[in-house]
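Everything on this sheet refers to the single structure shown next.
As written, the chains take the letters A, B, C, D and E, and residue 1 is the first residue of each chain.
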Amino acid sequence: MDPLTIIIAAPLAAAGLVAVIPGNYRFLIRVIALLATLLSAAVAIWVFAEFEPGASGLQFETRSVWVKSLGIGYHVGLDGVNVGLVLMGALVAFAAACVSREIAERVKEYYVLLLLMAGGILGAFLSWDMFGFYFFHELALVPTFLMIGIWGRGDDRVYATYQITLYLSFGALLVLVGLIAVYVQCGANTFDMVELHRHVAQTPIPAAAQRWMFPLLMFGFGVLVSLWPFHSWAPTGYAAAPTGVAMLHAGVIKKFGLLGLIRVALPLLPEGAREWIPVMGVLAVGNLLYGGWVAMRQSDLNRLLGYSSVAHMGFAFLGLASLTVLGVTGAVVVMIAHGFLAGLNFALSGYLRRVAGTTQMDRMGGLLDKVPFIGALLVMAMLAGCGVPGFANFVGELLVLFGAWEANKTWVVVAAWAGLVVGAVYTLRAVRTILHGPLRTELATVADPAGAWHRSAYALLVVALLLFGVVPGLLIARIEPDAKAVSGTIATGIEMKAAGEVGSIVRGAVAAAGVGVRQ
Amino acid sequence: MTVGLNHYLAVSGLLFCIGLAGVLFRRNLLVVYMCIEMMLAAASLALVAFSRFRGDLDGQVLALLVISVAAAEVAVGLALIVAVCRRGLKPTADELAGMKL
Amino acid sequence: MSGFSAIGLELAVVVGALAILMIGVCVSSERRSFLSYVAALFVGLVLLSSFLVSWPEKQAFFEGTYLVDGLALFFKRLFLVAAGFVLVMASGSSRETAIGVEFPVLVLIALAGMMFAASAGGFILLFVALELVTVTFYVLVAFARNTRRSLEAGVKFLIIGAVTSAFLVLGMAFVYGATGTMNFDELRVAPIDVGNKQLFDIGLVLVFVGVGFKLAAVPSQIWAPDVYEGAPAPVGAFLASGSKAVGLVLIVRVMNSTMLQGETLWAVLLAVSAVASILYGALCAIPQKDLKRLLGYSSIVTAGYLLIGLASGSEAGIGASLYYMTAYTFAALAVFTVVSIVFGASEPAEIVGLAGLYKRSPLLAVALTLSMISLAGIPPLAGFFGKFLLVKSAVGSAGLKTGLVVLIGVMVVGILISIYYYFGVIRAVYWVAPSKDGKSIIVTRSERVALIMLMVGLVWLGLFPGRLIRASSGAVGSIAPSRQAIAEVVKHDGERR
Amino acid sequence: MPAIEQLVWGILLLPLISAAGITLFGLRRPRLAGVLSVGAAAGVAVLSLLVFTGTPFGEWWECSAEWLSVGELNVPVALRFDPLSLTMGLIVAWVSFVIHVYSLGYMRGDRGFGRYFAGLSLFLFSMLLIVLAGNLLVLFIGWELVGVSSYLLIGFWYQRPAAADASKKAFLLNRLGDFGFLVGLLLVWSKTGTVDISELECKLALDPGLLGSLATAAGLLIFCGVLGKSAQFPLHVWLPDAMEGPTPVSALIHAATMVAAGVYLLCRVFFLLALPGSAALELIAWVGAFTALLAAVIATQQDDIKRILAYSTLSQLGYMVMAVGASSVSQPPVAAMYHLSTHACFKALLFLGAGSVICAVHHEQNIWRMGALGKKMPVTFVTFLIAALALAGVPPLSGFFSKESILASVLESNVAARHALFAVAVAVAALTGFYMTRLVAVTFFGPERTQIAGQARESGMILTIPLLILAVPSAFAGFWGIDSAYASQFKGAAVEHAGVFGRIAAAFTHSPVATLWGLGAAIVGIVTGLAVYWNAATDRLPEKLGLVAGWARNRFYFDELYAALNEATHEFLSRLADGVDRWVISGIMVRGVHGSIELAGRLLRLTQTGNIQIHAVLLGAGIAILLLIVLRH
Amino acid sequence: MRVFVALVLQRPVSGSGTLKSKESAVNIGSSIEPVVFAVFAVLTLVAGFLVVANPISRNPVTSAMFLVLTILSVAGLFVLLGAFFLAAVQVLVYAGAVIVLFLFVVMVWGGDGVERGKLRKFAMVVGGASLAVFLTLLGGALTGAGQDTKVGLTEGGARSLGELLINRHLLAFELMALMLLAAVIGSVFLGRKDNK
């Protein structure tokens, strides 16, 4: 069995195995879940290490036919972009399995769903077939719904669950239509991305078609990544989700949409991209500034983290929108770094909730005394979140800013403001309210339940963040050649336009669509 | 003046509409059912007229089958209405409106 | 192949029905429940035998009134599958449907009607077969004649059914009048004068209305919620699977034979009906509290999806509709099986009553969840692939007909809304703890087997759809060459003029 | 010089290893933490000395390691050793080392001992990164990390709300400056394609018009970073609050090194600021002057010993910034660096002395609750006095020389309004003398105002030895040729003075007008101070000055002003965005769509009346509508 | 009946009338045909109208009686169209069987003669509007249909229909039988008393 299939199959097989184990063998279930995710993570680390940066073509590639008549296949492989993502996904999944010990009831169902989610998203990251890409991603939808619904928290749980489910389905459906449109318009009768890239290089998709397909994919994937103003599912959903789900979702699954933009939308629809990139840029800035501002006013830690992740996605979008090697590389680094960071953040917030019994920040205070280890990690996570050097996020954001500068200076300035200043405001506020200040009397008696095993999950994520922050070359050497390819497919010289012109683009597209419909 | 296809069709159409009006406006289900029979008869008339004027007997075969089907339907339908009445319900539109929305 | 071997499958079913009627008369009423098993087994055998015979690619019998082709065969097998599961569902010892001999006999007769309808080569057989199904269903819907709901459903089904068949006859008359023939093959190439064009158009619309009654497509969808709610669960299952499929196959046949003269008409007709069905069904389903009624509305939505496949006008589109119909059949059968086990055949099926099902019977919970997921169109289940194919065909044709863009949009909206209410069921199953009197539910062995088969089917079709795609495209392909032939005929015609 | 190249990495790595080591193993082991941290600091001190001496005078070299390289952006970790960085590094290393040692005593027994030293080590690393960086992006990284470690150390006693708030404030205001700095970097990079200092210098030397019309903007944006880090007006408000941190931290970070980094940065990129056509320097000069004056005025009315020193620091930093601003290509900012170096020593000494005093009076910081400490704490008193006099600019202490050179450079600068600047500088010098006299007089002389003051005793050796060590350079730094080291950085500006006496005399011979004015101002300040505060029981000045004193006491209400400003702009926008999110996006858009769909469903299902007749009507209507639609096409 | 038909069409009574004959095409043009058509047409429509909206009586029995009249007049029209067998079947099956069944049920179960419930405005308006649409559309389509139709006449007697039924439409015919079986089973099942 090839390593990539092991990465996907381990959690899925474990899910099947757990499903047939009687529910009262909790220990066994946990061990199986941990071992499966650990196996995935170990193999992911191995392939990351073995990956040869800059080599042409896919590595560790495996392909087999799935549905022949439609040109659907099982095709997994690694390039510089997804090798890091898979590593991140597998590690976060392992961490999520570790912190899921907090689940006390209906353990079996929980792990089945968690493993399903993990396997699904890893499969999506690895897939080079558009169908499989979508298929694997959608595997996570039902588990998300059930897990937030059953093990979620808060009064808003039901609403949040439906909102996240419907929003994600909406995005996914747009994506589905877009992907099928790509398939149909390419006329290559294949869903295989490698072949599509090859095919498009010779016979590009008609520009007129690209013009309506690109926004479909952009907004579809955008919704999945909480592109402004389609973001409101993220904070609500994450606030209600159980820790493991929030970690996996915010950290890993959310990156699917960005990967989709890199893999499908940008390289296959360069004309459409040229037309629509400015809109994406504007929305990215919306994510950054608006997400940050709203985060400033949150009183619930999870919602704050949710909005901060909305804001961070703005960097990724901005990087992609810049279409420069720097920007795209930066965007991928941001994706990976934010994966670790969001996983860590939500893990910590879950921990604090267990300690303090709430995620309302003003009902915590001075907790650093009680939970020095977790508190220190939270400080680190928060600092990483506002882009302090030493953490991988800094590298990504720096690259994005440098990459996007030539494209549109105003936006970069705004983005820098949002990242450096607004980001610092809300992260420091969180640290100040939760950890600093005198210990609240009602928290005086709480205990710090962390054990060594438990801590390892958190530490793992911090170490990853620090490692890639201090030695960014590990990631960048792998990413850069492929980022070059992505930005190279779209001829240089695109300038992101000012907001007024963006309006005219949108109006033009709407008018064109209207004409098309009337015809 | 000769009686052409038009005239038969006009009768058929009008009868159909009258039957439909009955279906739409009468509340007694028995009467409604009668009106449906009228609609079927009107349709049969159209079939026969076309059959006659197109020179093809298939239309009449279908009309024949329509009559038989209608008879079978009436049998079952009336048995159903009897069963309804057995339960002490009146066979009217308003009475049989227990399931809604 | 002679005419009588061509109708071998139908003949077998009819003979089976008569045999069971005979046996049933001789058996005391307490022991009749096994008749359903016998009937189910028999149906299974017929299904198997359908695979053993080598059928001609495309051949007409009885002077062109009866067609044997891939399409017919595909649907016949689908009907057989549906009937088999319905019979198993009906056999539960505590159910009204298990008491009399009438139920299996009527189901088999209806099945025979469906199978004939699938092979109809002209309006006459179409009408008679369709009415055979309809009349049988009048009885089946009201089968729980001790309950008011069932009777009420029966009456509603009867009235609306009778009115739509009147429209159907009128429509057939008009088409006949405009073309001078009722045979599908002749219809294809029949020229239509300008003066008759409107007659023809109205006729087609009315035929669509009449056949759409089976499909539960707008505008003849109005009966669906009440009837699904009131009918006994196995009948509901048969309505959702067999009866709906009859509507589909007949629309395909009629459409295929009148495509030449009425291409734009069909495009508009199907699109309008599809959009209206999806929106109506999906919106109305949102506040439903009764699972059977919910399925009634969802069946309207499904009709809309099926019509989208047809509206895209391509072979792939029709194939997608067939695929989706199959997927829907499996899911609907599974849901109704669960409903009939949990609530009984003719009791109200309040969604609230599903609370804690995961604890009362994990099998039922999983089966219900899988079918809901499949209905909602989420991987890795059959329904997803169905919707995938539908979207694909619609997008594929969208380049030709831009109006399909609207259809795709509506479909997306419909799927979204349907996720909302289907997930509501899942929510009831898993989120909510069981009430105090929630005892565990006993599932008989046959039901267990049936459910597992259905679940395997759902997963299998979702993961390995290749076989069914081949089958459905083969079925569509079997009627396609004639369309090409027509095109050539027309071209010649044009040249001559 | 391969040997040195190996060594220089040690300078950076030692504190980093120490920080990591303490974080991993030393948080609960104070001894380990202390040994590691102080060891690292000592190592750095020795290494920096070795490198300093190993580099021929006036020469420079670089070494670098691969770090980040994507496309056109190439950022190696480049270290640049030139007179500027070497001297600055030496000062940083040694002052740090002394303060590390001092901290061992000052922080003894604190629960967060390990955490404290981890932060200190991290700070040392980042500060050295700033100093040695040969690449502006690497410098920026150090810049940010310095901010972080400052945040961690100010908030060291995080249980105190004041400390927690102060740390947050410091970080945010620094961030504000860094934002400008980063944008400046982006601007420079996009125009010149490099962020490497040497390369940049070369390119600008070859083509001074490379930045074009953006030269001023680039300079000022980079200066934004300085505003934050060196706490210049208008971002000056964080520094006094930062005194909530432990005193050694105040000494090291908020007096000697980190805040001076801004001035260092200005000198580092002086070639960029002094580009022809750039008006940056003049503005910088005025910002510095204003800050110096403002802070000096405020310092006269503060009662907290550390706050007085903090404002004094502000004032002196303003002085230095002004000096940079008053410089030009022909007259490079040697004076600023000179003052920076001497100031680092005597201000650190002042803070450490203050720490010693605070320890002695049981963490009382109000000078009006002290008094007559001079006799009880002789070592502290003497060293403190030396430093204070140095600060006031009394010859022949080090501060005199550096201040004199600043005054001279201002007087001789090319700035249009140089006389006004000079007047400000003289006024600040006078005020400096005044408030330092006030501080010393009230703290060490006069009556014992409280019981605690009466019981005060001299601090232990571990606290006093660092004081003594620092007192040496504070007193005599002016005799060594630090300025010539800097001068060699800026070629052509080197003025060699022979011998110690030559150096002392130079102050008078070089620019006698400036020197006399400065000296006079200092004397006026000191005399006035003595007149007002000698044996004073209370502060009599407020009565005399009235409103001005009140304003000064309340720091001219800058905090309140900023709070209001922030509330009116950023917080307002945030509230607006939140409102939009809550009501428009989550409310109207999401819930609205959801609600209207649900409503549509509820309305539409009213058609299902259950009445067969209505069903029939709807069927008929449906067919009619369908017919109409279809036939119209 | 036969006599009456012959009278109207001026044809020999003995003719079986199963053939597509050219003579009948000639014969039909006789002057009496429009009159007979008019009589039957008016009778059909008036009786039909009275089934639906009888101004004197709302009793279902009355409706049933007028239905008989309608059916009979339609049968008359069938005759005019040469569908003799069909006319006979219509009379036999409808007037003879169906209406009796109706009357039976009406007498036993539904004969109180009162229309229960009130007619809703909504139903009136919408139903009326749709009816109007139907009338216009059908009118347009049907008048269009006749104009350029060449009249090829066909007569449907028992033999010709019978031959068609057992040859070409055998399956439909057999299915009819099956349907009647189903109807019997169903009616018996639904109509019988509860077997509790």
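In the analysis below, a contact is a pair of C-beta atoms (placed from the backbone, for glycine too) under 8 Å apart; a residue touches a chain by one contact, two chains touch by 3 or more.
Quick caveat, the model's predicted, so the values are computed rather than measured.
Graph distance from subunit A to subunit E, where chains that touch are one step apart, equals 2. By the document's definition of touch, common neighbours of subunit A and subunit B comprise C, D.
Comparing each chain's Cα centroid with the centroid of every protein Cα atom identifies chain A as the most central.
Summarising the inter-chain contacts, the pair of chains with the most C-beta pairs in contact is B-E. Between the CA-based centres of subunit C and subunit D the separation comes to 77 Å, rounded to the whole angstrom. Chain geometry summary: the mean Cα position of subunit B and that of subunit D are 95 Å apart.
Inter-chain centre distance (subunit A to subunit D, centres taken as mean C-alpha positions): 37 Å.
Rounded to whole angstrom units, the spacing between the C-alpha centres of subunit A and subunit C is 41.
Annotation for subunit A: residues touching 2 or more other chains are 166. The residues of subunit B that reach two or more other chains are 5, 9, 12, 16, 19-20, 23-25, 27, 29, 32-33, 42, 44, 49, 51, 54-56, 58, 61, 65, 69, 72-73, 76, 80-81, 83, 91, 93-94, 96-101, listed in rising order. Among the residues of subunit E, those in touch with two or more other chains are 123, 127, 130-131, 134, 137-138, 142, 145, 147, 149, 169, 172, 176, 179, 182-183, 186, 189-190, 194. Every pair of chains meeting the contact definition is listed here: A-C, A-D, B-C, B-D, B-E, C-D, C-E, D-E.
Residues of subunit C that touch subunit D in their complex: 155-156, 159-160, 163-164, 167, 198, 201-202, 205-206, 209, 218-220, 222-223, 225-226, 264-265, 268-269, 272-273, 280, 282-287, 417. Interface of subunit C with subunit E (complex): residues 7, 14, 21, 29, 62-66, 100, 102, 105-106, 109-110, 112-113, 116, 124-125, 127-129, 131-132, 135-136, 138-139, 142-143, 145-146, 154, 174, 177-178, 193, 195-196, 198-199, 201-202. Every residue of subunit D that touches subunit C in the complex is listed here, in rising order: 597-598, 600-602, 604-605, 607-608, 610, 612, 615-616, 618-619, 621-623, 625-627, 629-631, 633. Those residues of subunit A whose C-beta lies close enough to touch subunit D in the complex are 163, 166, 229, 231-232, 236, 289-290, 293-294, 296-297, 324-326, 329-330, 366, 368-369, 372, 379, 383, 386, 388-390, 394-395, 398-399, 401-403, 405-406, 409, 412-413, 416-417, 420-422, 424-425, 428-429, 431-432, 435-439, 472-473, 476, 480, 483-484.
Residues 66-70, 109, 131, 134-136, 138-139, 141-142, 145-146, 149-150, 158, 162, 165-166, 169-170, 173-174, 176-177, 180-181, 183-185, 209, 513, 516-519 of subunit A touch subunit C in their complex.
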